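Next come two complexes built around subunit A: one with subunit B, the other with subunit C.
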Partner chain A sequence: MPNTSFSPSIESRPTYAGLVPQGAAPSIMIADAEGAEAILDLVDRDAAVLDQAHLIYIPKGAQFGSKLAELGAKGYHEEASLDAAMTLINRLLGAAHMGTQLYLAGSEGMMGRISALALSLGLPLDAIQMEHRGSIGRPMQCVHCKGVTQDVTTDPFTCSHCGLTLFVRDHFSRRLGVFQAVCVDAETPGVIPETQEITA
Partner chain B sequence: MTLQFNDETFRGDYSYFNTERAIKRLPFPFDRDEYMYSVNIEAHPGGPKGSPFEFRFDVDEHYISEMKDRAITLDDDPLRCQSLPHMELAGWDLLEIIMVSKAEDYPDLFTLHRDGNRWHWINRPLGIEQRFTFLDPTTLPCGPMEYITRQTQGDFALLHERDGNLWMDAGMVTSQADWSLDFDIGMNFFEWHAPVPKAKQMGVFDKALKFLLAMQQGQSYRRLNWTMTVNPRLDTSPENYHKWGPEKRTITPENVGRKQHLRIELQSFWRLPRSNAIAFPIRCYLACLEDICTQPKWGRRLHRVLRDIDPTLAEYKGFAVNQETIVNYLSQFDDGAPTSPGIFPDA
Partner chain C sequence: MSKQMTLEVTEVEPLTALVTRFRFEHPEKAPLPIFSGGAHVVVEMPDGEMLRCNAYSLISDPNDASGYEIAVRREDAGRGGSRYMHSEVTPGSKMRISVPTNLFALDPRARKHVLIAGGIGITPFLSHLHQLDLLQQPFELHYAARSRDEAAGLKLLPKSARIHAHISEEGNRMDLGEILTGQPIGTHVYVCGPEGLISAVLDAAARHGWPKGALHFEAFASPPPGKPFTVTLAKSGRMIEVSASQSLLEALEAAEVEIDWSCRGGACGRCETKVAACDGQIEHNDHWLSRDERAEQKKIMPCMSRFTGDALVLDL
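Showing the complex of A and B:
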């Protein structure tokens, strides 16, 4: 499955250039689900990227774990969920030295959350690479209650925190790693447009 | 003439009003009978005596009530005022420029005594007297940006310059036209403008950013912007959209003249001396259509502007749903006569 290409409907949507090997520099690689394939492609192009790499994988039901484990990264860590992986990710990012590369591959929600964390810890933007693979679900922050709903694939959708019906505004925050979502029936309570699947 | 302050509200019973003097000095945002985006920047301060352009930070009859409304909004949602850790120095820069300006421009209302870093600030309208040490945050009840912007009309963004861009890294935002500081904080100039239609394709943002980055120490400029708001509400935030949104649908031909307001933003830009940041105050003036139409030139012009505006902009500025009612109302003030150039009403 190639790097996802998106419709131009959301201009501020981040563009994910794809992973490019940075040689044997120290690195942290984090992938979820089909993001594993982007890591496999990366290693295929230059196996040296693994020499000083910590590779963290959250399968979310996908079957790439054994392939990634066999790659021979300095450290391989399979995690049950992103929340479960956060202690390790915080430790690795917190201890990262200048020149450390961060490779992220998979869902927009995971990449948005980890890149926002990395930026807040002082990692420069150009040390972060991302490649979008798998689910086109997007992370949405409800502007009203501030709760984030992950993997949203419809427009409008229901906020998983406060229950308001929300539409997506053309607005993405790198600091938060989320899109902005706004009440769709604020002016006419109860009048809600038909739900549409987001196709890309 | 000593300023009289209105006792009024911007929510609930919406008792906000403009006196005749306030109407005549409104910074009417249209200098011709049509509207499209432009980088309409000019030097600030400077303008006719009594106009909102005369002084660096305009203080008018709404001052005390606006500050009360800000305090209510901040009590409800403290995230409306935020400052990233590296922005404290810019906050002191802002405090200095406002205190010095107000004390010089309105000596009967504000006084500032300075003895080195030991400062003594007196704000008579709000009944505040504060002795503090400049650049020592422990001597103020809150951070310097929050302290001074709780005493100054208008929203404030502080923009940090790096990597050839401007980053919105601090702000006090309680009277915004539907944007969220909590979401936008930390964004660069292009990121926070992403939801604005058309302007990017027109190159407006590239030009505006180049202009701002070229601003030198001590320079300050202004531009006017506008939108439409139902009821004189300062806090039209996205956070509370589901609370104020229903009011937008209460416009009728009978109430449109009193309920529908032109929301004018007097935006200014200030290069700050120590931090090299740019302060971006966004001062809001509200006037209902009835107020506007007391000035025949403005009534004619507003009718033509809103009748002929690009539909995308009517949608973005949030009045498309009421446009027909508004334009019908305004048409009674438009006899087809030509209007004079410029924004000021005819004498």
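Showing the complex of A and C:
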């Protein structure tokens, strides 16, 4: 499955241009689940990208770990969850120099969180390469309680923090790396539209 | 077009044989609008028949409302603006000056700032330094000049281990590769100076894998003189002569043609004007139009660009 192309929406809805090899430059590669395939494709196009690469993979149940490990990146790290990987990612990013390439591939939740971190470190957006693969589940922030619900695939959905029924919006916060969700029945309590699967 | 103020020149100090510092204050000592590091003002110079306007970076403390300071290099081959400043302006002169505009601000998201100046291109960084000091943000400044005469900034720069002067006459050239290697994540680069330095920095940065978004530049340009030419205004059919030492924008203003502007240096895009017909070659001297737009000859930036050929008709 190639890079997901999302249907045209408002300006703030991120789109992902796909990974383009930048040669043997030092790099940090982070992938989750099917994002592994984007890394495999990238290496297929230019194996030199691995020479100085730290590759971090969060499988989320997918079976690409051994394939990625065999690639022979300078460093390969498999982590059980993004939370568990954050210590390493913080350390690698914090110690990185300008000119280090950042490749992100997989879910919007992971890419949103890491790109927000990179932006907060002063990296401009054009320095972050992203490719969307796999589930189109979105990271949604409840604008009421500020809690983030990961991998939301239906609209409306229930906030996993405060329990409100929330609308899935395309409004995206780059600073936080999440989409915004608003209460669907604020004016008409209990009147809730039918739940639908969200689409790309 | 920006708001103008009439200010009084209170200090004129030669910094080197080529560069002079001017200080402007309000005639009644009223506070001036404060600005941000990297801002410039446009100074009006009524030179005989001609009204010349040049943009100069402010070099004083952005938070100091008591006056504005600029440093002007005498360009003997220029159109005469800098010569006017050097020969006609004395303490007590009243001059019309625009409120400050900034096209070269520090990026507030950066975690470190690397400032690279060539020659008189040091000027915007002098106000940046005040701001960086206030914000206590990490920076380094690399200042390249051919000779000490060109390095007027040396007199105005504080002593600091983070400020490096590279005087090429003294064999101390600037090594861009070294400057751009090993900079911590979140570093942004700012360059101001001659065309050659700007492209050298942008090229070196691209080679070292720097993202474009972390690179900021301001070309140090006032409109170049050139051969006289004529433009025609499509709507009225009027013909306007542009003299050798006048910019197209100045000629349009002299003819009282309403035209918007801000930087007068080919950077902001405000003066962009449609070309209705062009039989000849536009000399694009701006940084605004893309390569394709230049080739099409359908747009011109009157603040910087000139024309050679048989006919240039502006959609005005």
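Definition applied: the second predicted complex is superposed on the first by the 196 of 200 C-alpha atoms of A that agree within 3 Å, B and C clash if a C-alpha of one lies under 4 Å from a C-alpha of the other, contacts with A are read in each partner's own complex, and residues count from 1 in each chain.
What we mean here is this: contacts are C-beta pairs under 8 Å (C-beta built on N, C-alpha and C of every residue); 3 or more make two chains touch, one makes a residue touch a chain.
All values derive from a computational prediction rather than experimental measurement.
**Q** After the superposition on A, what does A:Gln22 contact: first (subunit B), second (subunit C), both or neither?
**A** After superposition on chain A, A:Gln22 lies in contact with subunit C alone.
**Q** When the two structures are overlaid on chain A, which partner does A:Val182 contact: first (subunit B), second (subunit C), both, or neither?
**A** After superposing on A, A:Val182 lies in contact with subunit B but is clear of subunit C.
**Q** Based on the superposed arrangement, let me know which partner A:Leu40 touches: subunit B (first), subunit C (second), both, or neither?
**A** neither
**Q** Once the shared chain is lined up, is A:Ala96 touching subunit B (first), subunit C (second), both, or neither of them?
**A** second
**Q** Scan A:Ser173 for contacts with subunit B and subunit C and give back first, second, both or neither.
**A** In the superposed model, A:Ser173 contacts subunit B only, not subunit C.
**Q** Taking the superposition as given, does A:Gly122 touch the first partner, subunit B, the second, subunit C, both, or neither?
**A** second
**Q** Can you name the residues of subunit A that touch subunit C in the complex?
**A** Answer in residue numbers: 22, 25, 93-94, 96-101, 118-119, 121-127.
**Q** Within their complex, state which residues of subunit C touch subunit A.
**A** 109-112, 180-188, 208-214
**Q** What does subunit A use to touch subunit B in their complex?
**A** 11-12, 141, 143-144, 146, 164, 169-176, 180, 182-183, 186-189
**Q** Flag every residue of subunit B that touches subunit A in the complex, lowest number first.
**A** So the residues of subunit B touching subunit A come out as 180, 182-187, 191, 194-195, 200, 238-242, 245-246, 248-249, 321.
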